[in-house]
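The following pair of complexes shares a single chain, chain A, combined with chain B in the former and chain C in the latter.
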Partner chain A sequence: MVAAVGLQGAPYLSYVERKRRRRVNNWVIAACIAVVLGWCIWDTVMVDTDWARMGGALGIIGTLERFFWIDWGLVPSLIVPALETMMMATLGTLLGCVFSLPVAWFGAYNVTPNRYIFYPLGRFLMVLSRSIHEIIWALLFVGAVGLGALPGILAVAMRSVGFISKITAEAIENIDPKPVEAIRAVGGNQFQVMYYGILPQILPVVIGTIIFEWDINIRRSAIMGLVGAGGLGLVFFRQMAMFNYGGVTLVVLAVLVLIAIGEVISHYARKAVI
Partner chain B sequence: MRHERNFAEGREENGLPAERERPVPVLEVRNLKVSYSASGPQILKGIDFAVDGDDFCAVIGPSGAGKSTLIRCVNRLVEASDGDIILFGQDVRKLNGGELRRMRRRIGMIFQEFNLVNRMSVMDNVLSGRLGYTGAFRSLFKVFPREDIERALELLERVGLQDHVDKRADELSGGQRQRVGIARALMQKPEILLLDEPTSALDPKISRDVMRLIKELAREFRVPVLCNIHDVQLALETCNRIIGLQDGYKKFDGPAEGMRKQDLDEIYAMEVL
Partner chain C sequence: MTAISADGHMPAPVRRWSRYKHPRSTIRFAVLIAVLAFLSWSIAFLNIDLYRIIGAFPRLWEILATRYFPPDIDYVLDDSFLHSVLRTIEMSLLGGFFGVVLAIPLAWMAARNITISRRIAYPLGRFAIMGSRSIHETIWTILFVTVLGFGMLAGTLALTVFCVGFAGKLFADELEAIDMGPVEALRSVGASNLQVFQYAVLPQIRVAFTGIAIYTWDVAFRAATVVGFFGGGGMGWYLKRTTQQLENTRVAAILLTIIVLVLLAELASGWLRHRIAKMR
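On to the complex of A and B.
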């Protein structure tokens, strides 16, 4: 009887022991994270900040206050840049779609023309597009084609390729191969196989992605002007340079309105497609 | 009647006699061997058979016997590793890309899972049977010639789907989808039909209806059929000829009436029926 109780007790004790060890482990990990976090805050915020210049809580509020006197007189001169921003986003997205076509084709493992040359090339182009920030793309194109909306459009297009082509390539890789087999069996050529067998299957995903990307591109276009590529960003930059803080706030509000409009349009567009 | 005339014209276009009488078999397979990789197991281990102009030929056998592989070798959805496949007097294995596409448009195929493009309309699915004859520009804009559209509508009526022409393929039931598959195959004006388990995704009643429809249409358009099917009872009811496969070997080849219980026992290596 006693022996039996001992045997029943042994699993319980070893369970408690395991649990205790796990708890100690968790505490050690939490302590390590706290130390690293504390060091980060100390080194970046506490040491690097110019506390004297900030001038206490009142100083901060006083600085921010300048932004609240919105310069409504600027509204008429914002309409054209706002339209330019929308057009930049739209044309950039469309151009990005065109560039994405070959990239997605190369980068989809099951349809790529060559798995050793084109597949890695396609994947590399996707990474390249996404790893360079839109401002950097814009700087490159401002240097190449000069100031104005065109470098903005090109920058937005280049930045869009990565996401659109990656999602498209993944959709192609996940298609149902059976309709493709059927189109091959009726004697369809490569183009017909893609157009009839693959495209209908990926279309909802691709169009949803393009609408989403357009939505993001409105945001991107709004800051293109900071490097001289037109749109609202350019006005923002000028108002900032003139220390007209009320004007800066108005531009920010205009961007907000544009993004809200984009949100509404993409909501209904996506509903219509899917 | 109209179908028949179209069909005969299709034959003449392809340089074939309009009549059925042909001294040589439509399809002749000699010593067919298939393995999916060089080191892998052999799926088919030397199969010989021939299909004549008026055959409705069933390929039966247990799962993994190589039925599907055998059918797919004929239109080269699967590449054979050895042997000859002589279809309409041409060696299928020796065709290059363009020749193979021209050969494939003469072969109608009906699939187990129907293989329709779900997001396309029933009509577009049926018309896609004509893609082998359709140029790039027409296929880009999905503009098919009038006679193709008329033929598609007739075929859809023939398979009883005249009320579903504009629906999307994924709105239909299994039996209806397979009827779309049948119409698509017949759209090609095929000179041979390959059926890959056309009924195994359907319930027993619908299976019989579908097989009866296929048999009726095959007789009407005078198309020979090579059909792989695992339902032995249905095969015996529908087909006039049976080829029995087991583990990559041919175990039986003869008329359906001549099939005895011990033949089946040998094919399945167990008790059936």
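On to the complex of A and C.
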């Protein structure tokens, strides 16, 4: 499992010798992992944790207990934020699809307009979108367009561009080139090649990916409220600020319900597409 | 309308080809209309101005260029910040490791073909994985910070839960795709569940699991960069401080650091996964 370190350098070794070296190698790697993990645990648990302030096991149980008195009175005021969260996820996914069209076009090696300028640009945009966390995107967009649902939608969209366009670009790279050649041969222009040659081949994969991403975007848009966009995250933030831990639990439950609804819808949608 | 032809037969009606026949085509149309209606309702309900969407990017660019532009690199090279980067890496390692370790038995329970019992263990494993996946890692962080106080412990636990959900789902999918032949062979000679797992399942999935574990660490590192934003320790704390003090050049430097580190982590994990896939 972990024996990845060089065995290639030494030819003409007997089987027993190779096996012995491999075992030694495995032990060395396991020991290294153990040392690193031990040091991490020591730094986390001993150095950085303030055990006295936590108040012992009783204190922790006391805090936990406050989460269990669920504040059911909050249910009516959760409906509109839950709807907002759902809408934010849907619009964000839609906008993400729109943004990922050019990115996928640039980043697919066989259809990119220019292999030296646009192809690296497309790849870079994919990596950039995936490597920045949605919270950071939301912070940037709250600065740019102000509070409300819009920065949340834009953040969700930017974050989903990377995944959608990466899968789409890979699907475009793996298409069967024959229909494309056939359409070119009968004189189809660039648009007709894309619309009739490429699109039908990649559509099932792309739509499946979009549905999957929508499912993930629901849980992303549920936290956008923490940094100033609307939705369930805002209610979570307010309940937290009021130390109403029962309400916090209820919001978490509401998120779970939303995700379950999303999972059911995406299950049927995926079945309909594939 | 229907002219009778010379030999007295009705002409065949003109048929137009369509991919979907009557009930399915109507259902598809209705679903499409419903989705479009929901989209336009959401645009109206959330009060989205399309001009603001188009204008957001020039504005973002302008803000980045004028307020964030010369990134304060000295701030990033400061000792305390570098220490927080180290702690971020530690948290991601610990969260990834314990997440993967916990995810393996849960995935075993949640894989339909080899689960211990379909009535009890299967729903339990599914629910545990789905529950930890559904709640975003920042919410886990806030909850753990509330209970355990600020610091790396809360962040590490939040990352652990996140990794359980993430790796558990991939592991369970991988387990459901294994070749059942060896499993049945071992069961038929009376091996226990643990022996079946050790000798029939583990050899089939070892390489794939290692790859998934490395990928999980990569994703956990991405999450670890912002866990500190909500009090979980690591570099996110500096991000929060500088954002709230509006020290935008420092924010820019921290963001650049995050992008570079995530890229490095992605390269490292890609390289490792490539090497492991070659050993298959």
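Methods note: the second predicted complex is superposed on the first by the 250 of 274 C-alpha atoms of A that agree within 3 Å, B and C clash if a C-alpha of one lies under 4 Å from a C-alpha of the other, contacts with A are read in each partner's own complex, and residues count from 1 in each chain.
Note that in this section contacts are C-beta pairs under 8 Å (C-beta built on N, C-alpha and C of every residue); 3 or more make two chains touch, one makes a residue touch a chain.
These numbers were taken from a predicted model, which means no experiment stands behind them.
Novice: Mind working out whether A:87 is in touch with chain B, chain C, both or neither, as first, second, both or neither?
Specialist: After superposing on A, A:87 lies in contact with chain C but is clear of chain B.
Novice: Is A:153 in contact with chain B, with chain C, with both, or with neither (first, second, both, neither)?
Specialist: second
Novice: On the A-aligned overlay, A:131 touches which partner chain: chain B = first, chain C = second, or both, or neither?
Specialist: second
Novice: Go through the superposed model and pick first if A:17 touches only chain B, second if only chain C, both, or neither.
Specialist: A:17: touches no partner chain.
Novice: Considering only the touch criterion stated at the top, classify A:65 as touching first (chain B), second (chain C), both, or neither.
Specialist: Neither partner.
Novice: Which partner, chain B or chain C, touches the larger number of chain A residues?
Specialist: Looking at chain A, the partner in contact with more of its residues is C.
Novice: Applying the document's definition of touch, where does A:185 land relative to chain B and chain C: first, second, both, or neither?
Specialist: In the superposed model, A:185 contacts chain B only, not chain C.
Novice: Given the complex with chain A, which residues does chain C contribute to the contact?
Specialist: Residue positions touching the partner: 31, 38-39, 41-43, 45-49, 52-53, 55-56, 59-60, 63-64, 87, 90-91, 93-94, 97, 130-131, 133-136, 138-139, 142-143, 146-149, 151-153, 156, 206-207, 210, 222-223, 225-226, 229-230, 233, 239, 243, 255, 258-259, 262-263, 266, 272, 275-276, 279.
Novice: Touching residues of chain A toward chain B in the complex: what are they?
Specialist: The contact residues of chain A facing chain B are 176, 178-179, 181-189, 191-192, 195-197, 200-201, 203-204.
Novice: Using the touch definition from the top, list the residues of chain B that touch chain A in their complex.
Specialist: Touch list, chain B to chain A: 75, 77, 101-105, 107, 109, 111, 113-120, 128-134, 136, 139-140, 184, 188.
Novice: Which residues of chain A touch chain C once you look at their complex with the stated criterion?
Specialist: Residues 1-4, 36-37, 39-41, 43-45, 48-50, 53-54, 60, 63-64, 67, 83-84, 87-88, 90-91, 94-95, 127-128, 131-133, 135-136, 139-141, 143-145, 148-150, 153-154, 219-220, 222-223, 226, 230, 236, 240, 245, 248, 252, 255-256, 259-260, 263, 272 of chain A touch chain C in their complex.
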